[in-house]
Every structure is written in C-alpha cells, then in structure tokens.
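Next, two complexes with chain A in common: one pairs it with chain B, the other with chain C.
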Partner chain A sequence: MKTIQQFLRDLRQYPSALAGGLVILALFGVAAYAMVTIPYAEAIRLWRGGEDVWYQNPKYAPPLWLNWFTDKKQPESFIIRSEDNPQVKQVQDNGETSRITLTYQFDYNYDDFPQEMMLYFKSNYLEKQPFVTILWKTPDGREIRVANTGISREQTFRFSQDEKLVRRLGGMNPVQALFLPEKAETGAPIKGTYTLVVEGVTFEQGSNLDAEFVFHGLVAGWAGTDHQRRDLTVPLLWGVPIALAFGLVASLGTSILTMIIAAVGAWYGSWVDELIQRITEVNLVLPFLSILIMVGTFYSRSIWTILSVTILLSIFTGGIKGYRAIFLQVKESTYIEAARAYGASNARIIFQYLIPRMIPLLIPGLVSSVPAFVFLEASLAVLGLGDPVLPTWGKIINDAQVNAALYKGLYYWILEPAVLLMITGLAFAMLGFALDRIFNPRLRGM
Partner chain B sequence: MSYTNQETTQTQKDQRGILLSVQNLNVWFELRRWGFGHAGYVRAVDGVSFDLHEGETIAVVGESGCGKSSLMKTILGLYQPTKGKIIFNGEDLSAFDGNRMRRYHSEVGYVQQDPFGALPPFMSVHRILEEPLIIGGVKSKSERLARIRKMMEEVKLAPVDDFLEKFPHMLSGGQQQRVVIARAMIMEPKLLVADEPVSMLDASVRVEILKLLRGLQEKHNLAVIYITHDLSTVSYFSERIFVMYAGQLVEKSEVRALIKSPAHPYTQALLTGTSEPDARNALTYKEIPPGEPPSLVKPPTGCRFHPRCTRMIAGECDVNNPVEVSLQPNHQVSCWLHK
Partner chain C sequence: MNLGSQPGEGSKKKSGSAFGRVARYTAVRIFTLFVTIIIGVYLTIMIANMGGYVDEIMRGEIRERITMQVVANPANKNLAPDARNKLVQEKVALEEERLGLNRPLAVRSLNYLSNALTLNLGRAINMTSDSGSKQVRLIILERLPSTLLLMGTANLFLFFVSIFLALGLSRRYGSFWDKLIITLSPTSAAPPWFYGIFLILIFAAIFKVLPFGGMVSAPPPENPLDYTLSVLEHLILPSSALIISAIFISIYNWRTFFLIYSSEDYVEMAKAKGLPARDIESRYILRPTLPTIITNFALLLIGLWTGAIITETIFQWPGLGRTMYRAIGLYDTPVIVGSTIIYAYLLALTVFLLDFVYALVDPRVKVGEGN
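Let's look at the complex of A and B:
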C-alpha cells in the first residue's frame, strides 16, 4: 500500500503523466460507454448495414458542428414521421372514403440547398389504392404542386428523381428550385417556414396512410457520414475499445512473454539461450509489416489472428536482448545464489527472483509500447487489411482514402479518426515517459 | 577468548559422528575457446579431503582465488564435483535426486559475505525468511510466521514487528547480516557454511555477529564451515583450521597448535601477515612471501607454493607433489620440509 501511495506521489510531479493518465481514463470511459450504449451485435449491424439501416442520412455529410465555424450555414438533416407526430396527421373520416392530410412544417434558415428530400409512404388497403396530392408551400406564399400519385403499400417518392416535377420546374433540380424565389435559376434559398402538405384520399373502410418525410441536408450527426450514409459516431466510438484492447493486449502479451522468454534463456543458458538468441536475430531481420500483410492477404484478416501474429513476431525483438542483458547480471547476484542454496527450483527463481526485479523496467515499457500497436492496427486497416467485421478507426481512414475524401474536401472523414489516434498515442506516450522517469532511477533529474 | 570449551570437545571428538566427509574432491571448470574449443581447466579445487564432525567448527583460510568459495559451493550442492565424493550423514551427495537434494538444501545453511547483496531487494524481511520455509514444504502459514518470529528473536532482530515488513535497504549492515543468518538457520540445519560472514561489516558489529554465530553453533550443536582470509577472526570460534593454497589444503590443524607452531611455510607467512591489535606492530617489518598465487589453469609442478617459497628444496619441491604428513594426531601438513 505504502509503495503505491509513494508511486502516486511521484507521479503527481509530472503534469504530463497526469494529463496522459486523464486522457487514458477518459478513453476507457468512452470505451465503456460505447460498449454499453451500442452493444457489440448492434454495432456490427449498424456498421454492416446498408441503405435500409441508414436511409435517413445523407451521403458524405460533414458533422453538424461545422456550421459553428462557417458563415454560410449548411442545412441540417432531419426526419418527420407521421406515426410519431400526431399534429402532422389529420383524418376526416367519411365512412367509405376518408381524407388524410399530412402537414410537414419546418424552418429553413440555411444558405445552401439540401442533398435530397424523400417521402416514404406506407398504406394499407385491400383493393383500391389511396391517392395523394403533394403540395409545397414556400415562405413567400406560393403553392407548388409537387405530384399526384396513387400509393402502393410501400412507396418512396424522391423529389429530385421525379421526371414530371423536374419538367414542371423547367428542368431544374427540384431540391434547389423548390427553395429558390419564383423564376430565379440561381441564388440563395429563401429563408423561412416551408410546409409540405400531403393530401391523401383513401377509398376503403379502415384504409390508412402514413408517410415519413426524410430531409437529407448537407451536414448530419456529430461525426458526419460516409459514402454508405453510415453515421461515423459508431466506428469512432467503437474504435476506442478495439484500439485499446488491441494495443493493451498486444503490449501486455509482448512485454510479459518477452520478459519470461528472456529470463528463461538467461537462467538456463547454453543451448536454450543460444536458440532464443538465434531466433531473435533471424526475426529481427524479417520484415514485420510484410509478414502481417501476407497473413492478412492469404490467411485471415480477423483481428485475433492479426493480434496473435503481432504478438508472436514482437516477442523475439530487441526487447529480448535488453532484458537478457539485465537478467544475466541479476542472475549472478548473491541473492540468487542464496536462493539456490536453500533449494529454490528453477521456475521459482525465474518467476520470484529474476522477473520481479524487472517489473520496474517492464511497466514503463509496456505503457509506452501501446501506441505502436494501436497505430499498427490502424495502419493495417488503412492498407485494407483491417478486420472486415469490426468498425475501427483504421477502417474509417481506409474508406475515406478509397473514396478520395481529401480530393473531395471531406477532411472531417480522415481528421476525426486521425485525431483520436493521435490523442491515444500521445496519452500513452506521456504516461509512459513519466513512468520511465519514476521507475528508472538513472533518468531521474535529467 | 579461552579455548577451554574447545579442549573438552576436542577430547570427545572421536566419539562424535562424522557429519560431512569430503574425499579427494576436485572441482574443475572447463575453459572454452570461441565458445566450443577446449582450452583447459581451471582447477579451483584439486584433491581436497577432510572430515567434519557433528557440532564441530572448522575454518578454511586462504588468499582470494585459492578455491575456498568453489569448495564451499560444491559442499552446498551448487557446483558438481569433477572428481571425488562428498558424503553427508553417510549419504553420497552425487546420488541425490531432486527431492533429496531439496531436503539437503534445508539441512545446510549458507551465510554469505555481502549481506545486502544476499537479500533480494524487492522482498520484505518476512518474505525473505518465509522463502526457505515455503520451499522446505512448511504448508501452514501460521506455523511459518511462528518460526520466523522465533528465529528473528534468536538472531536478536527484536522487536520482531518492527523488522518484519522492512525491506533490506531499510536495515543496517549488521541487521542485514542477522537476517541472512536467520534465513540460513530457519530450516534448523545441521551444517552452516559461513563465507566470510563478517568481512564486509563494520568492525563494531563484527564481534557481535561472531558471538551470535558462536551462540547459535553451541545452542543447536551446529557444524560450521567458516571460510575466511582473515586469520585474526578464526581463533574466535573455530576448533580446527585448514589452510588452502591454489586449490589444495596444505595444512590442517587445531587452531592452537597451528598458531603456536605453523608447519607449512605458507601458513607461517600468513600468520606473519596477520596483525594483532598492538601498537608496536606498526613499527615492525614483516617478511611476506613475494609474488602472487599461481594460475589455477596451469598450476606449478610439484608443490604449488614452491615458486614463492623461501625454503624451496630444488629438485624435490618443484618436481614431486608433496604428500600429507601427520605431525601430530590432529595436525597434517603437505610439505617436503617435514618428510
């Protein structure tokens, strides 16, 4: 207990360690939050989901908060469902027929046009389809007829893809023309309250009609969306636990196994040591990333396979030489001789006498090596060798790169995961350096 | 210090059983060239024989590098003898299997020279003393603690609770050595090997540690092999003294007889070099043998001391190995001068 208190007191002397520690704690908090609010199965469903899951989002939409920093406000995305909003729907029941009016009202105070507008109709009937008239009311009092159409059980009306509407608007894209002043061909949209009215008539007893108005703005969500309309908050949030798990497991596994193997080699000496050293030397000249790429290409891209191979290849590296050098020194200390004299077994000497001596060196190294593994996982994903199932930061960057995000000016797409990667790396590095100074007396006061 | 105690035991000596018998022990270390080529042997111990009785204290003296430590470590079971036998309580050490060897380790205690180095820096005193008990198979935690407390009181690390959770660096040199002695004694061994137990301590605590060792020896009827290069502490509690030179025992004798009439020229030189605390010694000049101890890889032919010996007999000492001669029943010397 006392040593832990002393350790915390030492740690407090390094503001960078505190900052790093806090960021790491925050990352763990986010990881826990992500796993609780979006369970694994749900995260996978969302990440692998297509148009059916994400139809409400625009494509390539930067995050909402981009509007805070620009003068030209871009329209935000929203949806209005008639099922959920009683004030939208008015029903006038005349027995056999009934008149259903859906009124979608929204304020529009933006300086740009939306990406797309859609109406998702749902109706139930036996034989006779309901019929709707869609009207568009602008803030300056005009009323534009959008469409007259019969409605099947499930039908989607896309404003920009309706030929008749395009013709009626003089060949202009409806999502622009509907917001422009009369006769104008370019310019800024009129600000104010727009109303979309769906006047429906059903021809059967008990026949019903509902519609969801989906408005694809130019910005969406807190993290923006990608080419598949997916909200990037899901992979950004889920990238945290995956990055932490990969980094920590790889770092812990590598450090501990390296230490044990180095201790075994140094303790037994002779051919055991020789074998370990030769394996290490061969492994040191093997290209690490290329082997991982080969494994990813020909065998499996599962994160567990990649993790195992990473640990396996990282055990026999320079660390083993460094640890061995110290173990060879510790091995000759008189307390080890004393332990042998009172009959301590080889295993006991390795685990209770050699390795505890190295714990002070192990911990800072362990913490400092986490970022390397986090970056490694991201690099593999960027190279297209990421886990095909899991949403990770590297996958986001990979998608962004494949879809030419930088060329299209979609900086958010790359910067968001990149900044998270940087923060993670920085936090572990800052804590690791401080731990190194605390545990390694030779660095003190330097 | 009087020798009355030793005189009485000396007469009863033959009645005491032999605890440890070392027979023509050789410990050689192979020298390798380029990691595999053979380049000869370091003959650290070369034909050493002696018997140690139960409860007897012997001292092995000699210069640094004479093979004392190798002899001791072989007795402790840390090195394998190249030739020869070590018989402990009638059993041959080389025939021990893993289990018996572990039991042997608890029957032999080991006190090292450097008390700080001998204690693992990351273990508390409690843990340090518990280790031999755990290895020795004492399962009950309360029994272990009881034995630790008893032992700590015996080595005067009292009050026990003040020391139990301390780490070695928090203790003074004398206290550290007491912990080392407690660790060596905690399995109640029959034999204690003490490798220069006081040479790294302050003069002020040396006497206390020696008294402590002597007290433990008498109380537990402990056989002690006391290894030192310092003849002045030998007379403190040893009965017999073995003088070691270049891997061989050149003279074995009772302490009193050896100090009174050293037979081997090397012993005489050693004794001359030992200062009694007397102011007049500062003014006297002492003849000490020239040169250095010989190489153990290629030891001199014949008597190994002959290149440094002032009374060397040419054609004898440098050709033929000296044979052991009994001057008295308990005084043997390997020297051509006494043939």
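Let's look at the complex of A and C:
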C-alpha cells in the first residue's frame, strides 16, 4: 500500500504521465461506449454495407462542423420520410381514387449547391400504378415542374439524372439550376425556404403512396463520409477498441513471453540459454516487416493471425538480452539460495521468485511498446493488408490513400484517423516514458 | 581484462597464445554466424513459400492464365474439347517446369538456399527490372541507388546531428532545450510514414510547394543539373519524414547515454583539474563511448540496405523497400530471398568485424576473452 502511495507521489511529478494516463482512461471509455452502442455484428454490417445501407449519405462529404470555421456555408445532408412525419402527408380519399400530397419543406441558408437530391417512392397497388406530379417551389415564389411520372412499387427519382428535367432547365444540372435565380447560369443559390411538393393520385381502393426525400449536401455527419458513402464515425469509434486490443495484447504477450523465456534461460543455463541466444541471433536476420507482409499477402489478413505472428517475431529480440542480464544477477541473490535450500522446484523458483522481481521493470517497457504495435497495425493497413472485416483507423487511411484524398483536398478523411492514432500513441508513450524514469532510478533526475 | 599483468614478462609466449585464442575465437564465431545465416535464410525461404501454400496459389494462377490463353487463341477454336484440355495440360506442365514447381518444395528450398548462400541470386519469377531483365541481381541493383540516397541522407543526418546535439545537451542538462527534447521524445512513437502523410498534406496539398511523391518530375529533365535539382526537391519530404520521426528520441537516447558517462568519477576529476570542456568531451566522454557509437553507426549502415517499405510506398519512392513489397505481392521468392541473404551477410559481417573494432578502440577489450 505504501509503495503504491509512493508510486503515485512519484507519478505526480510528471504531468505528462498524468495527461497520458487520463487520455488512456478516456480511450478505454470510448472503446466501451463504441462496443455498447454499436455491437460487433452491427459494426461489421455497417462497415461492409453498400449502397442499400448508406444511400442516405453523400459521397466524399466532410464533417458538418467544418461549417463552423468557414464563411462559405456548405449545405448539410438531411432526409425527410413521409412515413415518419405525419405533417408531410395529406390524403384526400375519394373512394376509388384518392389524392395524396406530400409536402417537403426545408430551409436553405447555404452558399453552395447540394451533391444530389432524390425521392425514394414506395407504393402499393394491384394493377393501376399511382401517378405523381413533382413540383419545386423556390423562396422567390417561382413554381417549377420537376416531373410527371407513374410510380411502381419501389422507384427512385434522381433529380440530376432526369433527362427531361435537365432539358427543361436548359441543360443545366438540376441540383444547381433549381437553387439559382431565374435565368441565372452561375452564382450563389437563393437562400430561404424551399418546398418540394409531390402530388400523387392513386387509382385503387387502399392503394397507398409514400416517399423519402434524401438530400445529399456537401457535408454530413460528425466525421464525414468516404467513397462508399459510409459514415466515418463507425470506423473511428470502433478503431479505438481494436487499436487498444491489438496494442495491449501484442505488448503484453511479447513482454511476458520474453520475460518467461529469459528467466528460463538464465535459470537453467547451459544449452537452454545457448539455444535461446542463438534463436535471438537468427531472429535478427529475419526481415520482420517483410514476413508480416508475406503472412498478410499469402496466408491470412485476419488481425489475430497478424497479431500472433507479431508476438512470435517480437519475443526473441534485444529485450531478451537485457532481461537475461538482470536475471543472472538476481539468480545469485540469497533469497533464491534459500528457496533452493528448502527444496523449491525449478518452476516455483522461476515463477514465484525470479519473475515477480522483474515486474516493476516490465511495466514501463510494456506501456512504451504499445504505440509501436498500434502503429504497426495501421502500417499494415496502409499497405492494404488490414483485416478485411474489421473497421480500423489504418483502413480509413488506406481507403483515403487509395482514393487520393490528399490530392483531392479531402483532408478530414486522413486527418481524423491520424489524429486519433497520434493521441493514442502519444498517451502511451508519455506514460511509459514517465514510468521508465520512475522505475529506473538511474534515469531519475536526468 | 589484464590491467594487473606485468608487461615484458613472458610476452613472447603470451602473444603466441593470444594468436591461438584469436584464431580459435574467429573460427568459432564465423561458424556460429554462418549457421545463424543458414537457419535465418532457410526460414525466410520457407515463409516466402508459406510451407508450400504459395505453390498452390501459383499453380492455380498458371492454370487459369494458360486456360484463358488457349481459349482466347482463335487458332484453337476448332479444337475438340479433349484436345484442347490436353494442350492446356501440356502448357501448364511446361510452365510449372520452368518455374520449378514440378519438384517437391523440400528439394527446391534447399536449391534456393545453396544458391542464396553462394550469392547466385538467379532469376525472378514474375518481376522484371526497368531495363527488362529478369536477373534478381539487376532488379536489386537498379533500386539500390535511390534507397541509398533516401535512407543515407536521412540516417546520416540523424546520426551526426543527434550525437552533436546530444553532447551539447548533456553538458547543460535541465536547460530549456533539454526539457523540450524530453517533452518531444514521445512523438517518436509514430513511424515515418505517419509524419509523411502530414508533410504531404501541408507542403504538397495545401501550399503546393513540393511534389506529392516520386523521385524525379515527369518527364525527367534532360539537363543533369535540373535533374539533380528535381531529385533533391523530391527528396525533401520523404527524408524529412524519416528524420522527424526519429530525431527526438535519438537525441534523448544519446543525451541520456552521455549523461551516464559524464557522471563518472574520472570526468568529475577532469572537471576539477580545470580541463576545457572540449577536451573533456572528446577524451573523457566520447572515447569510452566510442564502441557504442561505432556499433550504432555500423547497424545504421546495414540498415540502409533494407529501405523503408511503407515510407517508400507512401512517397512512391522507387527504392528497395517498395521492390520488396512488390515482390511479395507477386509471390516472387527469388527476389525476397535475394534481398534477405544480402542483409544477412552484411549483418553477420558487421557483427563479426565489430568484435575486432572494439578491441582496437578500447584497450580494455580483448578479442575472444570474457563472454
């Protein structure tokens, strides 16, 4: 208890360690939050989902908080569903036929044009299709006929791809022309309240019509979207538990196994020790990253395979020599001699007497090696060898890299995962750094 | 250590035994290093083949490619299915023989090993050099200069600058700059490619003053001077990324290392005698730390060989690291093994020579004594 208090007092002298520790705690909090709010199966479904899951999002859209820092406001994405909003839908039932009016009203106070607008119609009928007239009302009082069309059971109307509409608007892209003043070809969109009216007629008893208005702005969500319309909050959130798990398991596995092997070698000596030293030398010759890349390319890109290989290759490195030197010293201490005298078994001496002595030395190294493993996972993902199923930060950077995000100016796409990686890496590095100085009296005051 | 031995007495006999000791030590050392190389390279060969798994992939690829070729060839249009199948079989067998796939992996891997150990690097399976050759030697040699340029610039700069700055910091530790370096050293947890992305973002994407990647602008300038300038311009970002990611921890480590040595009693003594700081640095601090400095320098030199796989990929730098990455993607075992064996030889040679260098620079060390 006293030593723990002493330790905490020591730790207080290093504000960077406290900051690092707090950030690590916060990361664990976020990891727990991510796993509770988006269960694993759901995260995978979202991450692997295609157009049917993400049709409501625009592509390559920066996060919406970007608007807070710029003068030129970019339109935000939104959706209005007639099923969920009773005020949108008005039904006038005339028996055989009925009139259904869907009115979508929205404020538009932005300085740029949307990416796309769409209406997803859903209707039910037996033989006779419902018929709709789509009207567009601008804030300056104009009324533009968008389309007249029959509606099948599921139908999508895309504004920018409707050729009749394009022709009627003089060959201009509808998502721009509909927001511009009359006869203007360029310029800023008119600000104010726009209304999209769908006037539908059904020709059967009980025939119904609903539509979802999807507005693809230029910004979307808190993290933005990627080339597959996916909301980046999912991989950013889920990247936390994966990065922590990979980093911690790898560094824990490596340090503990290294320590046990060093202890066994130092305790038994002779050929066991010799063998361990030779294996360490062989391991020095092996190209570490190349082997990981080979395993990823040829065999399996599963994060657990990569993790096991990483641990396996990291055991027999320089660290084993350092531990061995200390174990050789500890081996000669009197309490080990006493243990031997009362007949303790080899295993007992190694696990009960030798290894516990080393734990204070183990901790700083363990914490400091976490960032290297977190970045290793990201590095492999950047090379395109990330786990094919899991959403990770490295995968986001890889996607961004493949889609030339920096070249296209989509900085958010790379910066968000990079900043998270940096925060995680720095937190562990700062804590480990301070622990190293606390546990290694030789470094204290240096 | 022989600090207490009497000079002169029995010196002739001693030198004879010293020679024997050195010779025996050398022989044992060479033998163990060679065995280490053999095991390491053989393991690499087995991993590069994934214990035969890669053979399956390659067989599948060959079968598919040849079937496509035969089907697509209009001359084979009127062939009966049986005859066509036979043609495919024959071609597949031929191609497998060309790549040596018809022999068992055990035989083939031993063949690779003996070729590799004799530095007979052979021919690549799928890769070709830019000049069109399939010789592994040429593929590697062609990429070597660009890797040496990038890694050499970055690492030599890192090495000398960090030692120089670390010496200065160790002299006045606790100062503002010292604390700054300590505070910044955790930033080295991030690898070079990570800083590379930020550098590209700032200097290529936002300010547009430096290129995104590559080694020379396209098309390459005719004039040698312009060519050099263009290469230098492309070199700035990748080498900065390599330097930034390591400089702080490197200065910190050297500084701590020098500090440990400068708190020795003999340094205090020298200070008390009133020797100038330069002399103390060069004679009392640098001299005893020379073996470590030399080791680090030697490891740095052979480290140049491996290139930086990811940094080179991010910056599209045509170096050995990227070649290795491509070789893995193309299942090109000879190139992977070739690159590994050269590294293994360089490493073994360095480890071997370092023992003698220690004995040269440090009179307390004798070859073959102690450990």
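Note that the second predicted complex is superposed on the first by the 446 of 446 C-alpha atoms of A that agree within 3 Å, B and C clash if a C-alpha of one lies under 4 Å from a C-alpha of the other, contacts with A are read in each partner's own complex, and residues count from 1 in each chain.
Here is the rule we go by: a residue touches a chain if its C-beta (ideal position, glycine included) is under 8 Å from a C-beta of that chain, and two chains touch if they have at least 3 such contacts.
What you see is a predicted model, and the numbers here were worked out from it, not measured in a lab.
Chemist: Please work out whether A:I397 is in contact with chain B alone, chain C alone, both, or neither, and reply first, second, both or neither.
Modeler: second
Chemist: Please tell me which partner, chain B or chain C, touches more residues of chain A.
Modeler: With both complexes superposed on chain A, more residues of chain A are touched by C.
Chemist: For A:I4, decide between first (touching chain B), second (touching chain C), both and neither.
Modeler: Touch status of A:I4: no partner.
Chemist: Between chain B (first) and chain C (second), which does A:P371 come into contact with in this model arrangement: first, second, both, or neither?
Modeler: Second partner only.
Chemist: Tell me the contact category for A:G409 with respect to chain B and chain C: first, second, both or neither.
Modeler: It touches chain C, and chain B stays clear.
Chemist: Touching A:P287, do we find chain B (first), chain C (second), both, or neither?
Modeler: The second partner, chain C, only.
Chemist: Pick one for A:A338: touches chain B only (first), chain C only (second), both, or neither.
Modeler: The answer is first: A:A338 touches chain B but not chain C.
Chemist: Looking at the overlay, does A:P356 come into contact with chain B only (first), chain C only (second), both, or neither?
Modeler: In the superposed model, A:P356 contacts chain B only, not chain C.
Chemist: Once bound in the complex, which stretches of chain B touch chain A?
Modeler: Touch residues, chain B against chain A: 73, 76-78, 101-102, 104-106, 108, 110, 112-114, 117-122, 131-132, 135-136, 180, 183-184, 187.
Chemist: For the complex, give me every residue of chain A touching chain B.
Modeler: So the residues of chain A in touch with chain B come to 333-335, 337-345, 348, 352-353, 356-357, 359.
Chemist: For chain A, which residues are in contact with chain C within the complex?
Modeler: 16, 278, 281-287, 289-291, 293-295, 297-299, 368, 371-372, 375, 378-379, 382-383, 397, 401, 406-407, 409, 411, 414-415, 418, 421-422, 425-426, 428-430, 432-433, 442-443, 446
Chemist: Which residues of chain C touch chain A in their complex?
Modeler: 32-33, 35-37, 39-41, 43-44, 47-48, 50, 53-54, 57, 173, 183, 185-191, 193-194, 197-198, 200-201, 204-205, 212, 256, 259-260, 306, 309-310, 313-314, 324-325, 328-329, 331, 336, 339-340, 343-344, 347-348
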